[in-house]
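The structure under discussion is supplied below as structure tokens; questions concerning it will follow.
Each chain carries a letter (A, B, C, D, E, F, G, H, I, J, K and L) given by its place in the written order, and its residues are counted from 1.
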């Protein structure tokens, strides 16, 4: 059975825990549950991990190269600045799908460029928590 | 029953009709069939249209505002240059999901920027024909 | 009697037909009527034309060089991208006044630059439908 | 009866007083007369003022906020450099129409950008002394 | 016998029909005749086509992939803006020589860059109608 | 007893005199009073001056070099454009603290850069009228 | 009683511990004491924290959202590069005052831009350890 | 007898009056005397004027067009920012030589570009007070 | 009989002498022979010259102004950097056709811009040794 | 006896452990051994450390200032983004030699600029594991 | 007796020898004579040298460091591109005055920047052959 | 026995011959001796060459392709401007190590970019004369 790393970058741990009237009540725990559930339907195991530390995210990618068949990655703000995460993806040879809750291309100029996208399989953004589920579908579809 | 416009921009009519050993044998007709089929599963009707003309694509969006509930749009090369298509999306008020076969962020610098993304719901790129199916899922999911 | 081409670019056909509470109820037909009416007062005939196609707008300018004494042109989104329309103005030698409903200089950065203005007589923007009437006054005044 | 400030920026005092074969014999006094005359037809009083000093122009705008219903402003070279005049327009809340004798978009690159346009109602340029009359028409039309 | 598409972009239909004292009396018809004649000498058939529409030019390139052995292409103003035409050249796999009447590198800055040149065999510019004949020689020479 | 020049640039004379519901009722006179009062607590005399003229502000700095021990300076819009004020600070050798009512780094791009900051002791911005009091504290603290 | 997080970014732990003849003998411990002391005078409790890790700083901000009423933040070098810290400030909704020991606008070009300032209340820089005390005054003043 | 305006921009009034050990004891008065003296040798009358106000400098140039045969102009910091002074030179048609005490090309990047040089006869910089005498020689030599 | 200078810039002396399987066996000597031969057919004498030194190329252009009727010039890498060669072309008044073996617009960004093209008659690139023959045809055709 | 910190940045822990046919079988452990061995020959002790975390690398540099006489630093991807590491080098006053396995100047544009090089003794790149040995030679040679 | 190197860069050897009706009949020989003559009046010996080769100009500067007290240098087109000449000036420690016949700041954008000016005493441009005489006066005046 | 070309660019001939208190007494002759000596230890013959002429350096590289097994190259100022030297390295296929005495990345912005590095094996800079010895070690190590 294939295993998927579900990787969340900085600040995503706060999802849904404040201002629910604004951001909705979907917490990161909810998202993880939904993706794991969806994984079961697709026959893959999903292992979630979140960190606010760039180094910890790199460490996780390194570790995952021995057991993961692919990665769903929401790199948060590191999307736009981290060459180190880009190199980690290249160095581990992992198949990565980049996802974002918001439509990053509709926000501030500095969020339009992704340092990671060029080494990912593809990018999905703008669909809220659905971006994750679409990302899993895309990843599993591409792994076949 | 909701109706979806499936809009293809310039050069996409050539898909699969040449160099099948390179691009695969998936033609635009195949893609249209798959998306229509998927639409049936999701309970929506999909109406495909392709043109190489920026003006014709604008005309189609205008026309669709009276009957479409949403749009799956692969704007091809117009993605990066057409303010007119951007204005058409804004002016019609249509809910649009931007899709691309290739990962545009991994290609030439001039393909990284989308003039349309800021007025679309979201962007999906890099998954070949799957990008379309994911786009339909995303659109229908967001319409609920 | 002098004849004036009243040329409208992409998306202007939608004016006034939707969200009247936002954009007002002035349709393109209304604007055309007002300009034609104003033309009668000034002793000139006004011939309106709209297209969403860059090519069709170029064709119209070419055709008009044999019968028009001047042009009121709202190039819409093509203002900022079309070198071909710029060349058409130069090639036909027509006297053109560029008009815009909105104040393009108060909008997104990419709308500040006009590729056409350098080959037009002048530019009027920001006065809604009045921009057209002012454009006609400016053109006829300059033709004397 | 509405009152309009007719404001002229640097170097405009020299209009028409030299090289009449090049610039015509229309002096600033002539332009002021024409605009005042036109104002009478439109039922508004026009009060002209010119200065070469950025500070004096700001002072005038400040003073005018107590008596003017709108401003016709040719900021001359300050158009492209003065954030202070921009702030003065915003701070006074005056309705301002920016006018230029020449088509600034057809001149040197550094004249294409207006620091003031984003806080004005609109911009009219390229029609010589007619720009002022058109500006008055535009302003009065918008004040109704 | 090899067949060559002779493709002309926007505004080239006006060649020679106005201001003959400036641009000379060589019309597009003359140029087509000269190139066809030259083609006969070189043993190739030349089929000319002109359009002001980007979409129509793309359509023509698509169509030509079934019958043309090469293309002489003067893309006019679309040279500098059209990624769609660039993609059409790549997608059709046609051998294209880019030609220009004027020396585009000696004109405005925005005419120096060609979006198409990177996917063409080569570029010839600055020799008036001779650019076309040189382009045909270059193309036929390269086809051998 | 040390003496401090409290210098206000363009448009600051309008503070509090209009739209009190928006900007509050704190006028420049109020601010001057508060800073003078605070100066008394700190044992320094504060002399306020405001002008909309860049030249007058330079003159004031020149004059102050004979009697002032330091300057609290809100240069308003001249912050971003005036090399002449920068040179005046350098030439007079005065110790200057730059203050702003608003957080200039959170506003338009062109307000992020200060031409004066590199020759000032420091910069304080974003705290409304408190910026002035903080500036005085900072200046007096640094003078000890 | 209000509680304030006093947050120090990378390299600030080294303050005062080396080259005292250059940087003075004020250590981070000294600064913390002074700010805590000042807090007592103002009736607020101050809790200091320093880390060289971007992730740890984000974690601290997240944690502080449950107990802190505001933050004095010297982000050190992360000021200019960290979108993740910017997002952390936005996500936690904390009231933050950005402070710097040196006048960052008088140093290298790459230190002029703050990625954080746009989401902070204001910025104070250039006054050495006094910047922290001024920051606390500003924060407490704004919290009233 | 020819008359020359000797025009000094902002901050030049402070020359030599402070830090004589640094800048030398040459005051603006000294420079004026030297240039007047040199003018006598060359048979021209020199009339000096200094102002810190951009507007006053423009006024002076306007006034001088009726009596001056040429101008020696050290525009100080306005060199790099004033389009209004540039327009004043063009509008008055005066023959202007731009001079600078320091070598502006060896200083900060923002001092390398002169907005005025393109409309002056030439530029002389870097020779201290000698720049003025060289400027007079150059001007008188060119007037012959 | 007209005489043509055939000028080759840096590194072109190495053509064909190494890696023949890659670059073909066409040496510079071969190219010179072909161009001389072609010159005979066209009734012009061709005099070849190659140097790796920018100064020597300038010297040659200077010398040629007394005997050459035109120049075929492949400036190699100096194309993109040499203002001195540009000035030499302007100063000698020679009619120059710029040629390149490779399609410089399809190579590295820094090879896209030609400093020389603006002062040449035209540019031909991308056709290998044929570029030279086409250049000669273009030059002789233009000299008639 | 001098002691040297051998510092490795992100992703370098993966060296040689995967795709040996591509990257060779030299692991980080091998490199550390070689550098330690070489250190013995040169009479210095080498202490290796690797981390994927920017903060941990800063911490290590801080700690090393009490015991290290110099540093061999391969900052990996942080080379191009980390101002914090730059400040750490400056703050600790350590003598640092920057080394890279690959020739960073021959890779993507964003890898050409090093934020750290300006505060290092020198940079060595492009020689694989030899870069480290050369770095040690350079450091020890400079320490004499 | 002081000795001055009078150094002329590329293309200056052509001065006055062609198109005398355009450029005047002043040849480089004339200029050299005038400067030598002027040198005699000032009590210095002037030794002229011209080359089109960057290397030869560097060689000359190197040689001159043993006998020249200063240099009048018109670097022609190398002004804008040669870091090697800049380094030669710095390395030789020679006192250099940069002169230009034309006003380089009034010409093409790429002629506005001088790579040499930052290491020269000053710059004089725009006065034709008089620039050289003014340069000698400036140099000798500064040498006293 | 392998032979190495030791190539020095512009101004390096002046090393050590002036201001020994500043640059030390190491002349180019000394450096050449040290590198030759080191070569003997490594079993390679070293042949030094220096020129201030870009063309002569290109000629030398061309000549060396028949006898050299590698090159140690300090291109001096040509590092940053010479595409011709870059092409020479590519065209000759020589293995080149780029060395610099100073740390070019710590100097002026225009010295940070090397046009040659992308076609060299690697770059070593900042270690004074040791850079050459390290370069030789690197080259010989890579040749094994």
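Keep in mind that, in the parts below, contacts are C-beta pairs under 8 Å (C-beta built on N, C-alpha and C of every residue); 3 or more make two chains touch, one makes a residue touch a chain.
This is a predicted model, so every value here is computed, not measured.
**Student:** According to the touch definition, list the chains common to the neighbour sets of chain G and chain K.
**Tutor:** none
**Student:** Which listed pair, E-I, I-L or D-H, reproduces C-D with over half its contact pairs identical?
**Tutor:** Interface equivalent to C-D: E-I.
**Student:** Any idea if chain E and chain I meet via the same residues, over half in common, or different ones?
**Tutor:** same
**Student:** Any idea how many Å lie between the Cα centroids of chain A and chain C?
**Tutor:** Chain centres of chain A and chain C, defined by C-alpha means, are spaced 48 Å apart.
**Student:** From the C-alpha centre of chain B to that of chain F, how far is it in Å?
**Tutor:** 55
**Student:** Mind pulling the chain A residues that touch 2 or more other chains?
**Tutor:** Where chain A meets two or more other chains at a single residue, that happens at 53-56, 81.
**Student:** Name the touching chain pairs, please: which are they?
**Tutor:** Contacting pairs: A-B, A-G, A-J, B-C, B-E, C-D, C-E, D-F, D-H, E-I, F-G, F-H, G-J, H-K, I-K, I-L, J-L, K-L.
**Student:** Per the contact definition, I'd like the list of chain L residues that touch chain K in the complex.
**Tutor:** 9-11, 13-14, 18-19, 51-56, 76-78, 80-81, 110-111
**Student:** Which residues of chain G touch chain A once you look at their complex with the stated criterion?
**Tutor:** 53-56, 58-59, 62, 65, 81-84, 86-88, 91-93, 115
**Student:** In the complex, go through chain J and note every residue touching chain L.
**Tutor:** Where chain J meets chain L, its residues are 103, 105-106, 112-114, 117-127, 130-131, 134, 137-138, 141-142.
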